[in-house]
């Protein structure tokens, strides 16, 4: 247990510390959201209508930006090799790194969302459901991002390739995240179904991603 | 005073019919070696002869093209990588963490059941003569100091097999002597060390193996 | 169709036997495909004209089988990937690698024909209906597989990584389709391309589907044969590159080997 927690703690520290990815991810989130009104015009009614979708898409892109680093730094300095020699199975190592990414990057992105909602004139009543949907869906974001990171670890232009591979896989999370907010606007109970499906997706991907990521890491040669 | 190892009694690492390639080049083919405990194997040979690849194959990072690497005499159901320490080209250090924090992390990750026989982080730093660098971020250390910090990992957890790829790289004479002393102590306690090196290293209980002999075996197989 | 491919390769895991077996199977399948497609075209041209859509409904004969094949080939890729990772079947990667571009091509045909079909019906080339959007996402999955394979130097590594990606994709594919359906019914309740189909359309459609499947099988066999030949050439090149030069005799004397 202590090896697992040591990996989680270290990865969180590295992500938050100087040179870690968290600042860039948060900054990217802010900038992308700000681009939308610049591109579409400051019609605040239009912005209010599209805000849930825009925020979700921007969140996914920002998380994707940072997912690349989940394994890259450890591969570069030889730590990944040594981690694979721990008594901890490789699946546990990848799960620890996924969990650290969720805690250190995905969650802070979700917590920044209310502020960005103000920029887009998000409807007041939509805030709780939007945040809830992002909280529920964020494990899937980290999990699927980690699988993409593991697959592209040794690829040329790995960072760009991750986006191409992972974005189609994010579609269900995106759809159920956004539709839960839209459903809540007509009736609060209407959000239950998409939120439950989103929770199922998060649980399933969190459980399966460590195995896929470990399989990808083992393919090294 | 050596750390007690996790095996009682002798063991050996058996390479059987091992073949490996790098890109399109065959490095060695049908390699058969028996590496008994209590000895140090020195891999020599020019750059590109496969020393690093052989070490990485034994460590389990690379799957061989054919053949097996097994541990015998250690009881069944033993996972070879869990019984190895690996010192590679890279040091496995995080620049923003202090020397002590780096070692503390590896101690937790590489802990084994016989943790009681492990050296404390402080003792390990002292042994490698870098205890004065304990609170300095690893990124500020010189190349030689970082190498010593990487080697300190060997003492944090008692593992019977040491795989070392050019362990003396970036080290001065004193550092090289230190590596030899560590390896001697390890083999005296019944451990096995496999290291690749460009320089002659005066280790005790050492045997040399030139990777070009693996090449020769391959030529005989091909031609 | 693809099922026949799988059980036969299981029996003929040896690439040499596969080459021998496909050498006579391929022409037969190719001729069959040509014949069936000819029949299909004849049936299609003579099938009745839809009272709403006129002749344009016949794009469906291309679009629907292409979409079916796009899905089916992906499943075949996933099965091959499973064969590689779990059974280490020697032909599994050859099969997957050969199938992916073919599947991507069928997906592209489905997208283009779907778009052309939709223009007269709805007035726009792309209206984000559920089926076309799912096919678009499937196209992205194919692109991802091809991009990943081409960006990894080592062939063995590329094989395993694309296999993992294919399995991840096939696991998520039902979820993706379901989510796109969900999304579509919320936003556009009425644009469904394949509503009730008159029986006189059904038979030509099935014949088209059979013809395209045979076409895929023929192309897949051919592509697998090409891939096996390519790997043989590469292996020969490797042997030639590693052949010792005449200076080999002048090696350093043998040091004491560990025994």
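The letters A, B and C name the chains in turn, as written, and every chain counts its residues from 1.
Quick note on the criterion: a residue touches a chain if its C-beta (ideal position, glycine included) is under 8 Å from a C-beta of that chain, and two chains touch if they have at least 3 such contacts.
Keep in mind it's a predicted model, so treat the numbers as computed, not measured.
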Set of chains adjacent to chain B and to chain C: A
Core chain by centroid distance, with centroids computed from Cα atoms only: A
CA centroid of chain B to CA centroid of chain C, Å: 46
Centre-of-Cα separation between chain B and chain A, whole angstrom: 37
Between chain A and chain C, centroid-to-centroid distance (C-alpha), Å: 31
Multi-partner residues of chain C (at least 2 other chains): 153-154
Two or more partner chains touched - positions in chain B: none
Residue numbers of chain A (touch at least two other chains): 220-221
Chain A-facing residues of chain B, complex: 56, 59-63, 81-82, 84-86, 88-94, 96-97, 105-106, 108-112, 153
Chain B partner contacts - residues on chain C that touch it in the complex: 153-154, 234, 237-239, 241-244, 248, 251-252, 254-259
Residues of chain B that touch chain C when the two form their complex: 21, 23-26, 33-35, 39, 41, 44, 207-210, 212-213, 215-216, 218-219, 222-223
Residues of chain A touching chain C in the complex: 147, 151-152, 154-158, 161, 164-165, 167-169, 171-172, 175-176, 179, 182, 194, 201, 208, 212, 215-216, 218-221
Touch list for chain A against partner chain B, complex: 2-3, 5-7, 10, 13-14, 17-19, 76-79, 81-88, 220-221
